[in-house]
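Some structures are shown below for you to check.
Two complexes, one shared chain (subunit A), two partners (subunit B, subunit C).
On to the complex of A and B.
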């Protein structure tokens, strides 16, 4: 070995030793950090990675609403919220790492923002006494509060979403029975989330006599859907339904425009954002489900602008505030804040913990009056959760892209509880049975206050 | 000064050929085991155990598996994640069929399932080499990944499409599922990894290992010396897949607790391949070093700003971490293309003549 090379080797060794030492040192400090004053709310976000396009506005919305409460009201019930972002990159490994990192700091609720991260956390929730709020994603069966007391997934499951879409398509055709003989295409993310509605879809196809065509998009091929759309072009379905996420949404919209698929017959679940569709020629007419307002014409959103954005406390660009996914983040934080507020009301404590917030979420009651009080009148429909119903199964409306913005085009449409309930119950029972020793609900149920 | 073998006389061939011929090395390994088995579980906190040590050990085992194939036998594979997946799904099926049998038995047994699948996909290695073999293993990766997504039987028809790890105990202690403490999971994992590493060490230092290395260095010469390529290469694939399968089962049962098919994507194969390359091809300790560097370093970098009290947003830290880890990998490879294991060797060599180098 030459002298120079030996020198390099020595330096590298020294560097490695130093890194090793810091590794042990910093790992030791984690989790021992003294609990700060306030209610600790970790936010699992993904501002990096392939899903960052959707992750950034959501993260900003969640963060800004809670920051606004801190700035305007000094927190919730006079207790500051301690916000802590943990970057998951939509990666299950990193999500679990985030969970372990925040667990020691007594979080009152976690929002995994990824079905892949939600699933491993579900069994942990009851052990660690940390409720999970997986807002309209995660395990649909967790809507059953009697089996999953620690998991909440309001306001709708993916099955409810499908019910709403089909009801809407039925309306377009003049009644669900008119769907007989029609062809409905389903383009979906070929993973847990996209596959979940298929059993319901197949059953509905049988019940209403329409022909279901499946177009799976593999996770690795989200940006390459030409073969799927070639099949769509061949099959010419009367309607297209999409369950996509991340890069899959803009690609599908572009491909649909390319083959001149009639956009007003293309309906998506609630995940595409403005950035997924803006700038695509021929995307005008595209439709999706949504359950909350867009824009900043609500007092609470105005407060976010006043107390957070204008003070430079937000990470979002000014013009992004009020966009669809930003407001989705706001909605998520609204649920967190209401859960905490309810918990304070029930327990009479100021500094609530995870178990209290679980009770708070279970007694969540966002009625018109409360929404008005929060400065969000008309922002979203009412939502009431109970011990058994951790979802709400709320109606949602359809909105359409007019080339520059989303326009609400229907009144809220009810999901199909009669079709969904049996599936939901079966899935929940199945989960409990396949996990022997799944704990029976031991948490007492608060009488509705 | 302290690290030298002067005065240690070997009186038998076995002693001379021992894996750790120097007494200080034997003491060193004993100290490492003591730290791993006693000090870390006693003093490490939950985060350190469950988010640093457990993943690193799982990846170390997977890296050993790939190292047997790539480092010792010279056959490059990109199917590591898929073989890990086979182990995980096999273990899940086995334990749901026979819940009464100890989970450790099934974790090891799932390694054999993975070994079978690995040997099957290893068959083309007899005819093709190098890049072409990479393509063949890539096919294995995509085919198996497709199976994980498409065959609901593999996950017992769970609507979530994911493995949901049931609770299992060992000597009355819960070791899988949400109720298992990180300490219990860590100790079980460490025991399995230590035992399998010991086994691998014996394997690569013995006749089988020498045959692998002969094939790696020149397969025609090896064949002329009487090594049967068919059995040797297939054995390498089988053993390698066995290790990967066990690593996959351990990963899902002792670490994740639930796994979607997306866990076993090609990125994970690359991750393990990087660990092997950075750690050192054809070295067991390199597998551990590579796994530690690639897995621990990002965590440390993520923790560093918070530990130092720097107000950096977590997303920025993430970007910085990508830059720093990428740069460090290049630095390490330039400084020592043979990986951390060679660096370690060099360090030991220098220590022997310290403080009077000649």
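On to the complex of A and C.
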């Protein structure tokens, strides 16, 4: 082999290395785009790594809704939104690096998109004056606005999600009291997110007299779940509940089908998407919670297609726009945009900061009229946050996979506030006590909230 | 007393009471073990030939499978995509030999080991750049891989054998047999064994180290592709598959880094051991022991055979 050929080969691999490094470092490069003008909204996303299957559609939905507001309306209240994606890979360490990278640019809100990243950011929020929006994830107890004034987790906590699932299971059995003596299995991601509802689950098992079986799935074994499902086959739970993420969801659905577990008795929290289930033999009948619409049959979604997708400004494939997790991202950005709009309304300022948006989120009021005005009538239920209630604890419905698409099969089901609230209050108090120097709320409440 | 019963008596009672579940657990362990063995085989091949612990073997599994399904998504027919994926693994092997191994020859092993970290991150970046980070469905139907299950009504219950798992076991067995033949009976195979014994001695009889390294990396690439197809068909092709490759580490500890039979037997012991452990003893501690049990099994073996089951006992006189 000649030296020249060897040199060429070396250059080819060097170029490949450069491309690879570019891919890995793309987030950092994007992150250089500091907020010079406008309202700076960093988006913590994960388009790479083991959880990219869930992360990509959410990132696309978040980005496209805010881009649509920029393109259609010139931003919010006439001020452009400066978007800045930071790649976390669903890795807590990288998430914290993202936070450190963006906090100097005065973000008006941070969306960690990981319970693991949210938890260490909670103590920082009040110090840095940057509100955290952990939409339907994160620390359930942070719904208490009087103790966590800088954290928002609407429209439901993981505990609410569990309450809704159990109510639904109760409906199937003819009442919650009929759960006595039943066996309910819980297969979960063995990390912060999956462990979050276990204290409530154990309490509810005592209260309603059912037997709770736990099936943890280690992050490294997301695609290797045959042991857990063999245990399910042995234990024969009457119902299975799942809190999964990333590659865990499609694998669990496949394994459940493999052991012929009745899919109509398998109910998930709100995270599986179409790609997790499409094409899986035996998956028909699988159920999950949801609180928003699927598809593009809403004026705001049509505007996303018109102003973003058709103009080539979206990173999403056209056929993915309107899918479940894409619309989840849209919902997340709806909350961001409304928080900013409310902040502008309350303060009279155009260029709002984090402290203003915290107030905006606390006064968020998505009623029917407002949803219609935003082009999202019928997309989701109403949501009103207050000074004390940073979550809403809203009802959600159950949808079922019919083999090709999700079909809504129930009306919205209320969570279990009577069961959840005492535990949530205790957990919030416990958090404050276990963190010495946890500040008492000093932020005044606005009249409206 | 209850704990002792739960530890030492109850699992055996359960095995006796539900023998169909025991057989099912053994089958699941066997299939996992075969796939672990395949991954471990990739490590062993490269370690034998170059003394390098190839950290990139896991991402090679992902990258090769991603190339296959990614090309198919771009409109390339399935079997042509398979051929092209093989070609890509060949190009990768040559590139690694030229750009990484050759310039680093005679460097300490740790340098070569660190270089494989570099290869890992390059392949992650390239894979995401070309094919995107989203998980993809393995084109099992297009490759005529079987689907569905054979349900055997035996032992008072049933044992379900997924056809894809049977195919995985058969393909892995054929592949291992082919590799054994290749290494034992062909000129290149004998040359590779010579390189494994001594680089200097091999060089002195005219064996080209560079050629052998490229062949070995290519072979490891083929093993990675087969592993990726099989794991991908059981779940999906995503970057989380590279984490599963770490399951090969206890297999290597157990089987020895230089033994092909060790990789196979080690894979089976780890696969079956972790499934039995998780299923019968896992509930005692709330489950989820599978992720570390494999290491426990490997370390327990090491107490008695520090060189691994089939590793060579090295005695150096000083």
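The criterion applied here is as follows: the second predicted complex is superposed on the first by the 413 of 449 C-alpha atoms of A that agree within 3 Å, B and C clash if a C-alpha of one lies under 4 Å from a C-alpha of the other, contacts with A are read in each partner's own complex, and residues count from 1 in each chain.
Heads up, the rule we're going with is that a residue touches a chain if its C-beta (ideal position, glycine included) is under 8 Å from a C-beta of that chain, and two chains touch if they have at least 3 such contacts.
In this text, all values refer to a predicted model and were calculated from it rather than measured experimentally.
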First (subunit B), second (subunit C), both or neither touched by A:375: neither
Contacts of A:427 with subunit B and subunit C, given as first, second, both or neither: first
Touched partner set for A:403, first subunit B, second subunit C, both or neither: neither
Partner chain in contact with A:141 - subunit B first, subunit C second, else both or neither: first
Which superposed partner A:86 touches (first subunit B, second subunit C, both, neither): first
Partner chain(s) touched by A:53 [first = subunit B, second = subunit C, both, neither]: second
Which of subunit B and subunit C A:209 touches, first, second, both or neither: neither
Touched partner set for A:285, first subunit B, second subunit C, both or neither: neither
Subunit B versus subunit C as contact partner of A:220, first or second or both or neither: both
Set intersection of subunit A contacts, subunit C complex versus subunit B complex: 1, 6, 9-10, 12-13, 16, 19, 22-23, 47-48, 190, 218-220
Residue ranges of subunit C touching subunit A (in the complex, touch as defined): 18, 21, 24-25, 28, 31-32, 94-95, 98-100, 102, 118, 121-126, 128-129, 132-135, 137, 147-149, 160, 162, 210, 231, 234-236, 238-241, 243-244, 246-247, 274-275, 278-279, 282-283, 286-288, 290-291
Subunit A residues touching subunit C - in the complex, by the definition given at the top: 1, 6, 9-10, 12-14, 16-17, 19-24, 47-53, 55-56, 190, 214-224, 226-228, 230-231, 233-234, 246-247, 250-251, 254, 258-260, 275, 279, 281
Subunit A contact footprint on subunit B (complex, rising order): 44-48, 50-52, 55, 96, 99, 149, 156-162, 164-167, 177-179, 255-263, 265-266, 296-297, 299-300, 302-304, 306-307, 313-315, 317-319, 322, 331-332, 335-336, 340, 343, 346-347, 350
Footprint of subunit B on subunit A - complex, ascending: 1, 6, 8-13, 16, 19, 22-23, 25-32, 45, 47-48, 85-87, 89, 92-93, 96-97, 100-101, 103-104, 115-116, 119-120, 122-124, 126-128, 139-141, 190-192, 195-196, 199, 218-220, 315, 427, 430-431, 434-437
